[in-house]
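Several structures are given next for inspection.
What follows is a pair of complexes built around subunit A, which joins subunit B in one and subunit C in the other.
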Partner chain A sequence: MLRAPASLRGVDPARYVVYLGFLLVLGGFAVALRNDGFLSAANLLNIVQGATPVTVMSVGTVFVLTAGEIDLSIGSVVAVAALVGAIVLRGAPWWAAAAAALLAGGGIGLVNGALVAYLRLPSFLVTLATMGLLAGVARWLTDLRSVPITDDIFNGLFGSGALFGVPSLVLWTIATVVAGHFALRETKFGAHVLALGDSAAAARAAGIRVRRLRMQVLALSGATAALAGVLYAGRLNGARYSLGETDLLTVIAAVIVGGTRLSGGTGSVPGALVGALLMEMLNNGLILMGLAVSEQMMVRGVIILVAVALTLRERRV
Partner chain B sequence: MTAPALSLAHVRRVFGGVVALADLSLDIAAGEIVALVGDNGAGKSTLVKIIAGVLPPSGGRILLDGTEATMTSPADAQARGIQVVHQDLALADSQPVYMNLFLGRELTKGPLRRLDRRRMIAETERLVQALDVRIPSARAAIRDLSGGQRQGVAIARATHWASRVVLMDEPTAALGVAERERVERIIAGLRARSLAVLLISHSLDQVFRLADRICVLRRGVQIGVRRAAETTPNEIVGMITGAA
Partner chain C sequence: MKATFFAATALALTLAAPAFAQTRGPGGEAPTPTTDLKLDADEIAKLKGEHATAALLWHTSSDFVNAVTAGATDTFATLGMKVVAETDAGFDPAKQQSDIATVLAKKPNAILALPLDPVTSAAAFRPAVAAGVKIVLLSNVPAGFTYGKDYVAIVTDDLFAMGSHAADAMATAIGGKGHIGYIFHDAAYYVTNQRDQSFKKTIETKYPDIKIVESQGITAPDQGEKVAQAMLLKHPDLDGIYVTWAEPAEGVLSALRQAGNRHVKIVTLDLSEPLALDMVKGGNVAAIVADQAYALGAGMATAAGYGVLGKAAPPFLVAPVLTVTKANVEQGYQQSLHRAAPDSVVKALKGG
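And now, the complex of A and B:
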C-alpha cells in the first residue's frame, strides 16, 4: 500500500541557492553600478556571451561530476582544440576545422576515459597528468605562436555572428544547455550517469555497462571543452596556447554552486548555466566598479567561497 | 527429466591465498527453494556474486537449463533471467524508488526515447502494492526509506525482473516481524512462478519454513545438502558448526 503524502525531504534547498545568489548579486550590481550601464541590454548580452565558453564546458563537467569522476584537463583541451581547429583551417573549410577540433577534444576525453575505466586509475590523477601534458602540447603545436583565423564563416558561426538578431554565442549557450539538460533528465544515458555517481556497485549490479559509461562521460567532457575552444577561437579570431588556462576553477565553481554534487549522484545543467552566468557577472561587475585585477581576484574568491559554503552546507548529513 | 534451472558443478573461488569457496556442486529446479546456510565468512555471498556475474569463478561450471553459461558481467546474468537481492541491497540512494526499480531497463517513449516517468511510476506503484511493500511513494528517494522499506524495494525489483533464478542474500536481515512475514510470503510465491530460488539466511526457523532443501557451507567447504522434510534444525546446526 502507498501512504500519501510524499515527504518534502526530497526537496533539496541547496539546489535553489544558486538562483537566489544570482538574483542577489544581480541586484547588488544593479544598485551599485546604476550609473555605469550594468543593466543595459548591451552589457547583459556581453555577460551571456562572455560566459559562453565556461557554460559549454560546465555542461560536460556536470556529467563528469554527477558520474562521480572529475576532469581537470578541460582547460588544456580548450587550447589544444582551438589550435587544431585554427591550423586545419589554413588548408580546409570551416566545417572540417570545427570537426577536427571536436574530434581532438573528444579523442582526448576518450583516452582519459579509457585510462580511468580500463586501467582503473582515479580520474583525478589521470586528468591531472593529461592537463599538464596537453598544456605542453598546446605550447609545442605552434611553438608558442598564436594562429590568426580569417575565415568569415568560422568567425561568424563561432564568434561575432548572429541569426535573426540573436548573437551566435547566445545560440550556442542555449543549444548546449538544452541538449545537456535533456540528456541528463530525459534519457537513459542521464539516468545511468546519475545512478553511477550515486553507487557504482548498484549501477553495475543493475546491469549497466559501467566502464563504457565512464568513458562516454569523459569523452563528452573532452568534446564540450573542445567546443568551448572553438568558440574562443571564433570570438577572438584566432587561437593561442593560453586559451582556457584559467577556466578550470571557474567551471568547477559554476557547476558546484549550480547544485551538482562533487561526490556524484546529483547534477543540474540549468544550475550550472546560472552558476556560469554568476561567475561572469562577478567579472563584469567588478571591472565596471573599477577594481584592480588583484582586488577583483580577491573579491571573486571570497564570493565563490561563500557561494560554495552555502551550497554544500545544506547537504552535509 | 528436464535439466535443473540452475546447476553448479565444482564451483570454486580463491581470493589471493584465501579459498572462499572450495568445490561446490548444487542443482536447483524451477519452482524449488534451496537455502544456503553457514557461519559468517562461509562463502555464501561469494557464491551469490559468482552466479550473478559480479565475480568470475576461479573454477567450475554453471549451467542454466542444461546449457553452460559463462557470465562475465551482471548484465550477462540478467539477460539470462537471473536476479539478485544483494546483502548490501545495491540501490542508488539519491534516486527515487521507481528509477531504482527500472535501473538499466528504463521505459522510454517517443522518437527521442525520452524516459517515460509516468509509466514507470505507475508500474512501480502497482508492483509495490501487489507485493504489499509499504513505501511512502514511488517518487521517494531511497535514502529517505527505512531499512525494511529498502529491502522491500530490492526484493520487488529482483522478483519483478527474474525469469529463471532469484538469489536472495539475507533478504529479511533488517526486517520487523510483520515485514518479514510479508517477504516470506513473496518468496514462497516465487515457486508458483517456476523460479529457482537460492535463499541465504541465518535464521534456521525461516529456512525450515521456506526451503525444500538446505545446503550447508563451512569455511568454503560444502558439508552437505539435506531435504528440509528429512532433517532437523539440530542436524543443520551440527553441520554448520562442525560439532556433530
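And now, the complex of A and C:
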C-alpha cells in the first residue's frame, strides 16, 4: 500500500490557499503602491505590529475553534485585562500588572469553560453573555475613563520597545505563534484538542477528559485575549474600555481564512498568523491607495469573501 | 447627533472649560471664528508650489464626518494640497494608532484628525509629530500636546453659541414670554452639558419673561417621549420645550402629537429629517440649531495651510453656528452638512 510520507500526512491542500492569497494581495499592493512606501521596511513593520494583538488572540481562537467551541468574549476580555493591568500598575511593578491582567483573562476563560463543560451550555451562548457582561465591567471599572500608563518597562516590553533591534511586538508575535503551533502539533494537549473537535464522543471513548479539556481551551483563549489587551495597553501607553471592541470578527475571519475549521477538528496556527497579517495588510494597503473609507470597506469585504470562498470551497470537496 | 456629539466630546477631558461667557480652549484661549483664517494670494501661490499633501484621520464615518471631509477636501483643492489618505478608526484608539502609522508611510505634510481619547492618543500621535507633520486637531487634544510645537490649531464647534442660539430661537418662537420645559442630558458629557447650560443661562439672564417651569434630565434618547408626557401632564400651560439633541426631540414631538398638542414649540440641536419635516409643515418644531460641519472642515484645511507655510494659526478656532427654521431649511442643510435637504422636506416646502 502506498502511503504519503509522514510529514505530508494529514496535510490539507486548502490550508495553503491562504498563503497564496496572502502573496497575491502582497504582490498586488506592491505593484499598485510601488511609489507609496508600501514595501518600505517601516511600513511592513507597521503591518506586523498592527496585527500583533489580533494574531495573539487568533492563536487562542485556533484552539477554541479546533476543539469545536467558540469564544465570543475575547474582545471584551481585551479591555478588561488592559484596564486591570493599568490599574494594578498604579501601585505595583510592571510584572505584577502583567500577571494580574493575564490572570484576569485566564480566570474569565476558566469561568466560561466551567459553564460550558459542567453546565453543558453551548459556548456560543455562554460567551455571548459574558461578552456583554465584560463590556459592562470594562465600562464600570474606571467609569469610562482612560488610564494612562507611564511605566517605561511596561510600555517598552509590551509596546514600543525592542530587543537587539527587533521590536517587542514582533517578538510577541513570533513567541505566541511558535508556542501555539508547537502546542497544537507536538503535544498531547494539541492532539487531544484536535480529537475533541473531530468527535467529542470518540474523544471521550478514547479516555480524553473532555470537560477538563474544554475548560483548558477556553482558559487559554481568555489568556491570549488578555495578552492582546496588555499589548494594546503597552502600545498606547494607556488602557481604555473600548480596546478590542471591534476585534472579534477580525480574529474569527483571520483564523478561518487561515484554514481552521469553524466546525472543529482542523486548525492551523501559522495559517491564523497569515490570516491576521492579511487583514492588517488590507487595512494598510487600502488606506495607502487613498481610497475613501466607504471604498476601503467595500474592497476589503470583497477580498475577504474571495479568500474565504477559496479556503472553504476546496475543503468541502 | 452621535457624530457631532463625539466631535467635541473629548474636549470634556482636556478642555475643562471653566468660563461661561464663551467656548474656551484648553489653555483658556479665547475662540477665533474659523472664518477669520485668511491666506492671501502670495501665500496660496507659495503653498501651491509646495505640492503639499494631507491625510484625514477620522474617528468614525457619519454625516458629520462626510461634511467635514467635504469642507476640508474642497479647501485643500483651492490651496493646491492633495488629500492622500482618509481613515476611519471606528471609535477604536488602537485602530487609530495603526491608521497613523500607515498614513505616515505616505509622508503627508499635514494631518487633520479627531484624536479619539486624550490619554491613549498621545502615544499614537507622537510619531506624526516626530515626523514633522503639521497636525490640526478636531475638538480633542492628546494629553501633553502643546500648541505651536505639537499641533497647529484646534478647531471645534462653538458649543456655547449653539446653546445661546437655541435660547434666542426659543424666545422668538414663543414671542419672548411664557413657560418652558427644559430637557437636558443628565450625564457628565462635555458637549451636551455645555450646550444645555448655555441655553439655560441665556434664558435666565436675557429673557426675564420666560420661565423654565420644569427641568428634567434624560440619560438616553428614548426617554424624551416619556419625559415630555410627564411635563405636559404637570404643566398643561407649557409654551415651549427645549430638548438637548434631535433624537430625544423626536420622542418629544411624538408625545405632543399623541396629546394633540399643537401649541408647544420645540427647539433642539442638530439636524434631523423627521424634525425638519415637522418644522416645514408648521408643526411643533420651531427651530433646530446646527453646527457648520463643512465650515469646520474648511477651517481645518486652512489651518493646515498655515502650518505648512510656517505661519502661526490662532490656537483655538470655532466653527460658526446656524439656526435653522422653516425659512432657511434648504440653505441650512447646505451650510451645515453640505448636502441638499432631504426630499421629504423639500417636497413639503413646495407643497405648502
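Note that the second predicted complex is superposed on the first by the 305 of 317 C-alpha atoms of A that agree within 3 Å, B and C clash if a C-alpha of one lies under 4 Å from a C-alpha of the other, contacts with A are read in each partner's own complex, and residues count from 1 in each chain.
The rule is simple: contacts are C-beta pairs under 8 Å (C-beta built on N, C-alpha and C of every residue); 3 or more make two chains touch, one makes a residue touch a chain.
Everything quoted here is computed from the prediction, not taken from an experiment.
Peer 1: After the superposition on A, what does A:E280 contact: first (subunit B), second (subunit C), both or neither?
Peer 2: Touch partner of A:E280: subunit C, not subunit B.
Peer 1: Could you let me know whether more residues of subunit A are touched by subunit B or by subunit C?
Peer 2: Residues of subunit A touched, subunit B against subunit C: more for C.
Peer 1: Determine, under the contact definition given at the top, whether A:D198 touches first (subunit B), second (subunit C), both, or neither.
Peer 2: A:D198 contacts subunit B only, not subunit C.
Peer 1: Answer with first, second, both or neither: which of subunit B and subunit C does A:R209 touch in the superposed model?
Peer 2: First partner only.
Peer 1: On the A-aligned overlay, A:T142 touches which partner chain: subunit B = first, subunit C = second, or both, or neither?
Peer 2: After superposing on A, A:T142 lies clear of both subunit B and subunit C.
Peer 1: Starting from the residues of subunit A touching subunit B, keep only those that also touch subunit C in the other complex, and list them.
Peer 2: In subunit A, no position sits in both the subunit B and subunit C interfaces.
Peer 1: Which residues of subunit A touch subunit C in the complex?
Peer 2: Spelled out, the residues of subunit A in touch with subunit C are 36-38, 40, 42-43, 46, 49-50, 53, 146-148, 155, 159-160, 232, 235-240, 242-246, 280, 283-284, 287-288, 290-294, 296.
Peer 1: Could you list, by residue number, the parts of subunit A that touch subunit B in their complex?
Peer 2: 1-7, 9-10, 182, 185-188, 191-192, 194-195, 198-199, 201-209, 265-266
Peer 1: Considering the complex alone, what residue numbers of subunit B touch subunit A?
Peer 2: 52, 54, 73-75, 77-79, 84, 86, 88, 90-96, 99-100, 103-106, 108, 112-115, 125, 128-129, 132, 134-141, 144
Peer 1: Give every residue of subunit C touching subunit A within the complex, in rising order.
Peer 2: Residue list for subunit C touching subunit A: 58, 61, 83-88, 90-95, 97-99, 101-107, 117-120, 122-124, 143.
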